[in-house]
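Shared chain: subunit A. Partners: subunit B in the first complex, subunit C in the second.
And then the complex of A and B:
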C-alpha cells in the first residue's frame, strides 16, 4: 500500500504548487477544496491496519467539511466582492514557485531523516505535513487579499490534519473533530470579516487596513 | 566508449530521414482543428528542397559569424542525433555523461544562433536573441533536472541507460518528469504557449525573429536543424513516459515511434486550442515545470520520498 499513498502525497504537493502560482480567487478556493478532498482520502491509506469506524468518521468528516462546506462558505463570502484575482502580492508568483520548491525540498529532507517506526509509520506524510504547513504560512505572509490568506490558513490546518491522520494512535478522534469544528467556526468568522472589509474599502486587500489609524 | 554496432546507426538514420515529418504532422493537426485540408505531410521536405536550390542573400553589415551560425548549429544537432537511442537499438556513441554532452550541444546551437542574430545588427533580431536566451536560461536547468531524475531511476548517466529498458517502471516520477519534459520540449522548440512559430509580428516573436535574415541554404539548415531538435526532444519525452521493453527490438522501436507520433499530435492540439502566453507568464510556466521536475527527483528511486 506504499505506492498509492506516495502518489496521493505527490498529488497534494502538486496542488500546493498550484495554490502558490495562481492568482484567481475562485480557482484558489476550488483547488483548496480538491486538496481537502484528497486529504480526506488519506486516512483510508494510512490507517490500513486498524481500519475502523474511527477512520471512516475522520475521513468522511474531512471530506465533507473541507471538500464541500468550507469551499461553499468561501464562495458565499466572495459574493458582492468585485475582485476576482489577487492584484498586488508581496511576493510574485514565479518567486513563490521557487520558494515552494525550496520549502518542499527542505520538508522532504527533514521527513527523510525521520526513521520509520511504530510511532511514525508514514514518514512521507510527515514530510507532506511540514511542506503544507510552510506553504500555508508562506501564503499568509506573501499575499495581500483576505481570501488568499484564509486559503493559507486552510492549507496550514490541512497540514495539521494530515499529520494527525498519519499517526497510528486512535485516541485523536475527539481532537481531530475539535480542530475541524474550530476551522469551520474560523471560516464563518473570516467570511463575516471579508464582508466587512469589502463594505468599508470596496476591496478585500488587507493592506487597506493600515489606513485604520487614529 | 562502447563498440559501435551497425544496428545502432539506425537511430540517427531514422532521425535524419524522418525528422521533417513531425512538422508535417503538426501542420496537419492544426489544419484539422481549423477545418482546413492542410499541407501535405511531406511539405517540410519540399520546402527544404526549394530552399537548398535557392541562393543566399547576405547583408553587408554581417560577417563570417552570420554565415557560420547555421552550419555550426546543424553540425551540433547532427552530432546530438548520434547520441540519442530510439527504442532498444542503442546509439552509435554511448559513454558515461553523454546526457551532459547532449545538453551542451543544444546550448552550442543556441549560442551560435544568438551571435549570428546579433551579427546582423538588426534591433529586432537582438530583441529576439535576448528573449531566446532569457527563456532558455530557465528551460535548460529544468531539462537537466528531468534528465537527472531519469538517470537516477536508471542509475546510469548514459543515454542508453536513461532511455533504455527499465526493470521497474515507477508511474509517479515518470508522469512528473514526462509532463515537465513536455513543457521544456514546447519551450525549446519555440512552440505555443511559449512562442508562436506562425506569427510574423516582430513584437511577439522569439525564435522566428532570430532567423529572419537567413535565406536559401542557410535557412534550410536552420529549418532542418529545428526538425532534428523536435525529433530528439520527442524521443526523450516518449521514452520518459513509455520505457518499453517488449523483448523485441522491432516492437520497441515501433512503440517508441507510435508514442512520438502521439506526442506530436499533442503538440498540434496544444497549438490549436491554446493562445500564446504573455511573455511575463512564461517564466512562471517554466518554474512550474521545474517544480514538477524536482518532485520527480524527490519521488524517484533513491529519492527522499520512499
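And then the complex of A and C:
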C-alpha cells in the first residue's frame, strides 16, 4: 500500500507549491479545496491496518469540511470584495518558490531521520506535515491579503490533520470531530471578520491594519 | 460517598452558562440581556460554593464517563473564573449604561453581547472541567473563537484590527498546542495505555513515569509555545496589548483576570506529566522560568512608554503572567506562590480595568497624559485605580506583595539567585514606571471640573469587594485557603503520587 500513499503525498506537496506561487485569491481557495480533498483520502491509506468506522468518519469529515464546506465559506467571504489577487506580498513569488523548495527539502530531511516504527508508521506523512505547517506559517507571514492568511491557517490545520491521521493511535471520535468543528467555526468567524475589514477599509489588505502598531 | 451529587455539580457548572446563552435568544431588553449574565454568574457562584463545601479536598469528581472531572486545582480556577465573571457582569451594567440610554447599545446588540459572554464563560468552565486533554484543547480554542467576537463589540477600525490579530495569532499558537497533545497521545500509546486512556489526564498522571521522555520533551515545547501564546507569555504576547485595549472594559477584565490564567492552567496540567516522563530533571520547569523572566523583562521595557491606560494595564498582565510562570518554574513553594498570585492578580487587575474604564469614560479618553487629578474628579473610581495599581506593583499590605514575597522566598530557599535578580530588576522597573503613571493619572489639578456623583451603590460594592479581597489576602490567609492552595500545588508538583525517581516507575 506504499505507492498510492506516496502519490497522495506528492500531490499535496505540489499543491503546496501552487499555493506559494499563485496570487489569485479564488485560485488559492480552489487549490486549498483540492488539498483538503486529498487529505480526506489520507486516513484510508494510513490506517489500513486498524481500519474501522472511525477511519471512515474522520476521512469523510475531513473530505466534506476541508474539501467542500470551508472553501464555500471562503468563496462567500469574498463576495463584495474587489480584490481578486494579492497585490503587495511581503515576499515575492520567485522568492516564495525558492523558500518552498527549502521548506520541502528540510521537511523531508527531518522526516527521513524519523525511524519507521510502530509509533510513527508513516515517516513520509510526517515530512509532509512538517512541510505543510511551514508552508502555512510562511503564507501567514509573507502575504498581506487577509484571505491568503486564512488559507495559510488552513494549510497549517491541514498539516495537523495529516499528522494526526498518520498516527496509529486513534483519538476518541469526540475529540477529532470537536477539532474539525472548531476549525469550521474558526474559518466562519474569520470570514465574518473579512467582511468587516472590507466594509471599514474598502480592502482586505492587512497592511491597512496599522493603527495599533508601536 | 455516592457519585451522583459530584456529577451533578459538574453538569450544573457547565449547564448554567449554556442556559444563559439560550436565555439570550428571548426578546429581552438591553438591560435584561446584560442581567442574564449577572444571574448566570450568581447561580454559578452558588454551585462553586456548594462544591467547595461538599467535596473533601483530595477527592476527585468525575462525570460523563471520566471525560470531565474536578479536582482542587480545577475547582480553584473555576472559583476564580466565576468570581471575575460575577464582578464583570455587574460592572458591564455600569459600563454600557450610557450606551443603553443613548440607544447606541441596542437590545439586539446587548443580547448578542450577553450570549457570547455566557458562551465564553461556558467554554472557560469547559477548559477547567476537561479530563480528556483533547477536549481541553477544543474548549480553549472555543474560548478564542468566541471571545474574538467580544473584542469587536463596537465595530471600530482599531477593534477589528485587534480582533484579527488575536484570532490569527491565538489560533496558530493553539494549533501548536494540538501537535503537543498528539505527541502526548503517541507517547501514551507507546507506553501501552489503552486508546481510551491515552488522553485522559487522570490516567496519564497515575503512570506518567512510563511515558517516553524524549517525545514528552518535544510535546512540552509545543504545549508551552501553544498555550503560552494564549496565556500572553512573551515573545508570543503581541496580540495581548491590542486585544486588551480595544475590547470593552468588562471583556478586558475577564481576558486579563482569567483567560490568561486558564491558558496557564493548561500548562500546569502538562507540567507534572512531562516532568515525570523526563525523570524529574527539571527541564520543563527551566523552560517555564525562561519564558517567565522574558515576559517580565518585556513588560519592564514597554510599560514606561505606554500612553494608553488600558495598554499599560495589558503590559502589566504580561508581567504578572511572567511572574506566575516563574513561580511554576521554580517549583515547590514557588508553585504555591504562583497559584496564590493567580488569584491576587485577577482581583487587582479586574479592579484596575474597571476603574480605568470608568475614568476613560469620565475624561473622554484613554490617553493617560490627558487624565489628571482622577482622585478629586471621581473619588470612587480614581482612588480605586490608584489602589489597584499600587497593589499590582506589589506594595504591602496588599495580597500581591504577599505572593511575590513567597516567590522571592522560594528562589532564595532553592538558591536560584540569577532568576531572582532578573525578576527583581524587572519588578523594580515596573514599580517605578507604573507608580509614575498612577500618580500622574490620580493626582494633580484636574483638567475638567468635578461633576456630580457619577457612581451608583453597585459600583461602590464592586470596588469595596475587590478592595477587601486584596487587603484580606494580604493581611491574613485563612487556614482552609492555605489547605486548598497546598493541595492544588501538590497536584501541579506531581506530589499527589509517589514517584520512583531513579527508574521513573510508578510504585
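As a convention for this text, the second predicted complex is superposed on the first by the 209 of 214 C-alpha atoms of A that agree within 3 Å, B and C clash if a C-alpha of one lies under 4 Å from a C-alpha of the other, contacts with A are read in each partner's own complex, and residues count from 1 in each chain.
Quick note on the criterion: a residue touches a chain if its C-beta (ideal position, glycine included) is under 8 Å from a C-beta of that chain, and two chains touch if they have at least 3 such contacts.
Treat the numbers as computed from the prediction; the structure is a model and nothing was measured.
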{"item": "When subunit B and subunit C are modelled together on subunit A, clash or fit", "value": "fit"}
{"item": "Partner chain(s) touched by A:21 [first = subunit B, second = subunit C, both, neither]", "value": "first"}
{"item": "Of subunit C and subunit B, partner touching more subunit A residues", "value": "C"}
{"item": "First (subunit B), second (subunit C), both or neither touched by A:190", "value": "second"}
{"item": "Vertex subunit A, arms to subunit B and subunit C (CA centres, degrees, nearest 10)", "value": "150"}
{"item": "Which of subunit B and subunit C A:7 touches, first, second, both or neither", "value": "first"}
{"item": "Partner chain in contact with A:153 - subunit B first, subunit C second, else both or neither", "value": "second"}
{"item": "Contacts of A:138 with subunit B and subunit C, given as first, second, both or neither", "value": "neither"}
{"item": "Partner chain(s) touched by A:45 [first = subunit B, second = subunit C, both, neither]", "value": "neither"}
{"item": "Nearest-approach distance, in Å, of subunit C Cα atoms to those of subunit B in the combined model", "value": "22"}
{"item": "Subunit B and subunit C footprints on subunit A, overlapping residues", "value": "none"}
{"item": "Subunit B - residues contacting subunit A, complex", "value": "171-172, 176, 283-284, 287-288, 290-292, 294-295, 298-299, 304-306"}
{"item": "Subunit C - residues contacting subunit A, complex", "value": "67, 132, 134-135, 137-138, 141-142, 144-145, 148-149, 152, 155, 157-158, 160-165, 167-168, 171-172, 175, 178-179, 182, 185-186, 188-190, 195-196, 198-199, 215, 241-242, 245-246"}
{"item": "Subunit B-touching residues of subunit A, taken from the complex the two chains share", "value": "3, 6-7, 9-10, 13-14, 17, 21, 93-94, 97-98, 100-101, 104-105, 108-109, 111-112, 123-124, 127"}
{"item": "In the complex, subunit A residues that touch subunit C", "value": "118-120, 137, 140, 146, 149, 153, 156-157, 160, 163-164, 167-172, 174-176, 178-179, 181-182, 185-186, 189-190, 193, 196-197, 200-201, 206, 209-212, 214"}
